[in-house]
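In the two assemblies presented below, chain A is common to both, partnered first by chain B and then by chain C.
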Partner chain A sequence: MISRFSDRRFAGRVARHAILLLTAAFALLPFVWMVSLSLKPPQEIFQADFRLWPTAFHGGENYRIALTAAPMFSFLLNGVLVCAAIFALQLLVCIPCAYALAKLRFRGRDTLFSAVLVGLLLPPQALAIPHFVMLNVFGFLDTYAALILPWAISTFGIFLLRQFFRSIPDEIIHAARLDGLGEFEIIWRIMIPMTAPALAAFGIFSVVAHWNDLFWPLIAVRRAEISTPALGILLFRDDEAGQFLGPLMAGAVIIVAPLLLAFLIAQRRFIDGLAVTTMK
Partner chain B sequence: MTALDCNRPREAAAKARLATRSGEHGLAWLAVSPALLLLVGLLFGPVAAVVLFSLTDWQLGSFTFHFIGIANFRALFADPTFWKALTNTLVYVAIVVPGTVLLGLVVALLIETSPGLRGFYRAAHFLPVMSTMSAMAIVWGTMLHPTIGLVNRALGVMGISGVNWLRDERTALLALALIGIWQGFGFAMVLFVSGLKAVPQQLYDAAAVDGADGVLDRLRFVTLPMLGPVTMFVVILTAKRSFEVFDSVRVLTQGGPNYASEVLLHRLYTESFDFLHMGYGAALTVVYLAVIVLLTLTQARLLERRVHYS
Partner chain C sequence: MAEIELRDIEKSYGETAIVKGVSLSIRDGEFLTLVGPSGCGKSTLLRIIAGLEAQNSGEVLVAGRCVDDKRPKERDVAMVFQSYALYPHLSVFDNLALPLRTRRLSFAQRLPLVGRALPGRGDVEKAIRAEIEQAASMLDIAHLLRRKPGQLSGGQRQRVALGRAMVRHPAVFLMDEPLSNLDAKLRVQMRAEIIALHRRLGVTFVYVTHDQAEAMTMSDRVAVMMDGELLQVDRPERLYRDPEDLRVAEMIGSPKINVVSRAHWVSLGASLPAGIHRNTAHLAFRPEAVGIVASGDGRLNGVVASVENLGSDIFLNVTLADGQGTVVVRTHPDASRSEAGRSVGLQIDPACLLQFDGAGMRQREVERVEAAA
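Right, the complex of A and B next:
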C-alpha cells in the first residue's frame, strides 16, 4: 500500500518535471536559437544539419560587426537615458499629486481622483495622433524630447502611489508636523523612504514598458542616433549589415541582454513589481 | 457602531481645522498642479482632439480643415481592410487568450505542487515577458524561416514538410498568435501563482475531511473554484494585451500577405503615420479606444466585485 502510494508520487513528480521542462523549452528556445546563431559563420547557418554549438566559432566577428555597423551602444545608452528621464519626470509629477490625494484635504480632491481613474482607461496608442501633431507644432519630432515628454504623466503611477501612501498611518504625519516638518519635507523624509518598495515596483513597470516599446519611437523619431533599443534593432535589420543573420542575432542579443540580466539578478523584485502592481 | 458614527463628524471637523491652520488647501493645489496640467495637456486634451480630428478632413501640414460629420466613420466602415483587420484581431485574441490562460494555469499548478526546481521554472517561463518584442520577433522570424528555420527543420526530421509560415495567407496570423502566447503565458503563470498562494490551507483540510483528498479532487473542488476571480482577471488582461498586438506584426509581416495578418493597431499606425490620413486614422482610433475602454471597465467591475467578496 505504502509502496504503491510512493510509486504514484514518484510518477507524479516525473510527470511534473516532464511537462514543465517542455514548456520551459518552449519559453527558452528562441533565446538559445538566438545565441547559437550569433556565434556561427554564414555557411554554418545555412548548412543542412543543425548544431547547437558552432564547429567554426564566429562569435567575435559577428558581435564586432553588430557593434560597428550599427550604433548598438548608443541604442542602449539612449534606452537608459530615455527610460531614466521618463521615470524621473513621472516621479516628480506623481509623488506630490499622490501624496495630496492620499493625505491632504482640499476641495476638488475627489474630482481629481476620478479624473485619474478615467485616465487609467486610456490606452497610450490612442493618443499617438494628437501627441504627434503637438510635437510637430513645437518642432520636437525626431528629438529626445519627443521620446520622453508624452510619458511625463502616469495615471497608473499616481494611482499606485496613492494606494501605498494611504497605508501609512496619519499619526506619523501629524507627529512630523508637530516636529515642525513642512509637507515637502514629509514627502521627502517620510513618505518616500517608507514606500521605497512601491516606488521600485513602479520603476520596474515603467522602465520595462519604455525599454521594450516600439510603437511610439517608431512614430516619434527617424534618426538612428537617438533610437531606443526596440527601434534600433529594427533599423539594424533593415540596414545592409543586418542582412547577415549572424550579426543580426548578435545585435538582438545585445538589445535584449541588459533587461534580462537585470531580471535574473533581481527576479523577485521584477516578478512582484510587474505582477503584483497590475493586480493592485 | 453608533459611538463610532458620533465620533466621525467631530474627527473630521478637527482634521478640517488642522487643514486650514497648516494651509493645506493651497499646498495641496501646489502639489497637484503639475499633474493636473499634464493630465489635461497630455491625456484629456488629446482624447478630445482625436474625437475632433475624426470629424474633420484635416491632413497633417495643412492649415485648413472642414467638419465633415461622420464621413470618416462611413469610409472606415465601408473599407474592407478595416473589417479584415477587425476580424483578424478578434481571431488573434480568440487564439491567444485561451492559449495563454490555459498554458499559464497548467504551468502555475505544476510549479506550485512541489518545490523541486521551482525557482528555475519560474524564471525560465518569465523570461519572454521581459524580453524586447521587436528583437525577439526578428529571432522568431528566423525560427519560422522556410528553409533554415528551426520549426521546419524539426518538422523535416519528422518527415513533415513545413510551409513558409509568415508568407502564407493561411498561417501568418497563426504564427503571430503563437508568438503572442510565447510572450504572455509566463505572465499569466505568475498571476496564477499569486492566486494559488491566496487559497487558504483550511479549505484543503476541510475537503480532505469530506473525502476529497486525491490530487484531482482537490483541484476540482478547491483550487479551480478558488481561482475563479484570478482567472477572469487574467483573461481580461490577456485580451487587452492581445488587442494591442503591434510589434510582431510590424516587424514580421506588416499585415501581409494580402492583409492576412492585418490587425487594428497596425492599421491605425499605417493609415495615420505612413499615409498621414489623420482624419481616417482618428476615426480608427476612436473605434480602438471604445474597444479598450469597454474591456478595461469590465476588468474594473470584476476587480471591484472581488474586493467586496474576499
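Right, the complex of A and C next:
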C-alpha cells in the first residue's frame, strides 16, 4: 500500500515537473534563439537547417560590431542613469503618499485613493501625447528630463506600497510616536525597513519596465548620445537588416544581460515581496 | 510626579459615541485600572491620555497642565501595547535605545550615516548603552539584547516592551491589556512583576484590562467602564463589597454575583428579608454569602444541579425551586458533601444582601436605617 501510494506521488511529481519544464523551455526559447543567432555568421542565420551552435563561430565578430558600430556603453550607461533616476524619484513620491494613504487620517483620503486607482487604470500610452506637449512647452524634449520626468509618479507604486504599509499594525506606529519619532522618521526608520521586500519588488517592476521601454524614448528622444539601450539598438535596424542580424542579436544579449543578472541576485527578495509576508 | 485629570472627555467616531463625558482624577503614583467589557471605550480613553487620539471635547491634564495641544512625545507618558508593538527589524537593544536616541540626539546627529560622525554622539551612545544594560538586567533580559523580537517568547517580548517604556523614565505608564497575549501561568507571574515594577518606580500607572481578576489583584483603585461611561471608581475591596451599580456588581467577582429579581423572589413564595426598600427590584448576593441548610429551612430552596470542586473551594450550582434561574453557592471543602440532585435550602446572610432598583442603581438608605434600628 505504502509503496503504491508513494509511487503515485512520485508519478505526480514527475508529471508536474515535466509540465513546468515544458513551459519554462517555451518561455526560454526566444532567448536561446537570440543567443544562438548572436553567435552565427550572416549566411548561417538564414540556413534552412537548424543548429543551436554555429558551424562557423562568428560570435566574436558579432559582439565586436555590436560594441563598436554603436556607442553601446553609452546606451547602457544612459539606461542605468535613467532607470536609477526614475526609481529614485518614484520612491521619493510614492513612499510618503502611500504612508499618508495607509496610515494617516485626513479629509478626502478615500477620494484621493480612488484617484490613484483611476490612475492605475490609465494606460501610459494614453498620456504620451499630453506628456509630449508639456515637455515641449517646458523645452525639455530630447533631454534626460524628457526620459525621466513623465515616470516620476507611479500610481502602481503608490498602490502597491499602500497595501504593504496597511499590513503594519497601527500599534507600532503609535509606539513610534510615543517614542518621539516624527512622521518622516517613522517612514524612514520603521516603514521602509519593515517593507524592504515590497520596495525591492517595486524596484524590479520599475527598472524592468523602463530599461526595456522603447515606446516612450522613441517619442521623447532623437539624439543617440542620450538614447537608452532599447532605443539605441534600433540604430542597427536602420541599416541593411539581414547583414546586421547577428550584431543586432548580440546587442540585444548585451542589453538583456544586466537585467537577468540583477533579477537572479534579487530573486529571493522579489518573490518575498510578492508573496504575502507575515509580519509580527 | 504626575497626577492625571480627565474633564468631561467625549469621543465619537462618526455617529457612534465611544466615550461619553468621562471625568476622572488619577493621583500621583497611583496604580489605576480601567476595567470593562471589550468595546466599552477604555482603550480609547487610554489613547486619548497618550495623545494618540484627539477627544471631541473635554480636557486632559497631566501634572496640573493641560496637554491637549501637546503631541504624544511631549506628554511624558510611555505606553505598553497588547501586541507589544516592538520594531521587528531592530534588535532588542535598538528597540530599547530608540526612545532615548530620539530624545537625546539632535536632529543632525540622528541623520543616517552623517549623524554617526558628528561630535558628541559617541558620549551619548555610551550613556544610553549603560542605561539600557541596567534596565535590561532589572528585567532579566540582558542576555537577549542582540536578538530580534521575532526570536523571543511571548513573555520575553513583554519584558522588552516594559523595558522600552521604562528606559526613558516617564511620569506616567499607560498599559493597554499588556498580559492578554500570554498564557495563564505567565500572566500571573507577569502580574506580580508589574506590581513590583510599579512599587519600585513609584510613578503613575494607568492599566487597561477586561479581566476583572487583573483589576482586583493589581490596582490601588479600579475604574469600571461600560458603554463609554464610568460606573464607579473605587478600591477593589469596595467595588466587591459595596458596588453602586448592578453592572459593577456583576462585572467584579468570579463566579458572578447571584441576582434574583424581587418578583421572582416573591413568586417563589419566599419571605423578603427585613429592610428591603420599596424601589428595590433586584436582590444580589455573593456566592460566599449563602449557607446550605436542610431543604425547606432556607429562605430559598432548590436542587443542586452541579458541583465544581476547585480544591480550596467547592461551588454548587443550585437551581431554584421553580426551575428558573440558578444560584451559585461557595462551600468549604470540609463541609458535608453535596452531590448533584440533592434538594437543599439556602440561607442568605442579610448583611451581605445588596439591593438595586429597576435601573440597576444601588438602594441602601432604608436598609441601613432598619439595620441600625
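Here is the rule we use: the second predicted complex is superposed on the first by the 223 of 280 C-alpha atoms of A that agree within 3 Å, B and C clash if a C-alpha of one lies under 4 Å from a C-alpha of the other, contacts with A are read in each partner's own complex, and residues count from 1 in each chain.
Assume a contact is a pair of C-beta atoms (placed from the backbone, for glycine too) under 8 Å apart; a residue touches a chain by one contact, two chains touch by 3 or more.
Everything numeric in this text was worked out from a predicted model, so none of it was measured.
Engineer: Hey, is it chain B or chain C that touches more of chain A?
Structural biologist: Comparing touch counts on chain A for chain B and chain C gives B.
Engineer: So in the superposed three-chain picture, is A:P169 touching just chain B, just chain C, both, or none of them (first/second/both/neither)?
Structural biologist: Touch status of A:P169: second partner only.
Engineer: So in the superposed three-chain picture, is A:L101 touching just chain B, just chain C, both, or none of them (first/second/both/neither)?
Structural biologist: first
Engineer: Touch check for A:R177: first (chain B), second (chain C), both, or neither?
Structural biologist: both
Engineer: Considering only touches as defined above, state whether A:I190 meets chain B (first), chain C (second), both or neither.
Structural biologist: In the superposed model, A:I190 contacts chain C only, not chain B.
Engineer: Between chain B and chain C, whom does A:Q125 touch in the aligned arrangement: first, second, both, or neither?
Structural biologist: A:Q125: touches chain B, not chain C.
Engineer: Same chain A residues contacting chain B and chain C, which ones?
Structural biologist: 174, 177, 279
Engineer: So in the complex, the part of chain A that touches chain B is made up of which residues?
Structural biologist: Listed in rising order, the residues of chain A that touch chain B are 12-13, 16-17, 19-20, 23-24, 26-31, 33-34, 37, 45-46, 50, 92-94, 96-97, 99-101, 104-107, 109, 112, 115-116, 119-123, 125-134, 136, 149-150, 152-153, 155, 158, 174, 177, 183, 208, 211-212, 214-215, 218-219, 229-231, 233-234, 237, 245, 248-249, 251-252, 255-256, 259-260, 263-264, 267, 270-271, 274-276, 278-279.
Engineer: Quick one: which bits of chain A touch chain C in the complex? Just the residue numbers, please.
Structural biologist: 169, 171-172, 174-181, 185, 188-190, 193-194, 279-280
Engineer: Touching residues of chain B toward chain A in the complex: what are they?
Structural biologist: 15-16, 18-19, 22, 24-25, 27-32, 34-36, 38-39, 42-47, 49-50, 53, 60, 103, 106-107, 110-111, 113-114, 116-117, 119-136, 138-140, 142-143, 147-148, 150, 153, 182, 185-187, 190-191, 194, 215, 233, 237, 244, 246-247, 250-251, 265, 268-269, 272-273, 278, 281-282, 285, 288-289, 292-293, 296-297
Engineer: Would you mind writing out the residues of chain C in touch with chain A in their complex?
Structural biologist: Per the touch definition, chain C meets chain A at residues 47, 50, 52, 71-73, 77-79, 81-83, 85-90, 98-99, 102-103, 110, 112, 149-150, 164.
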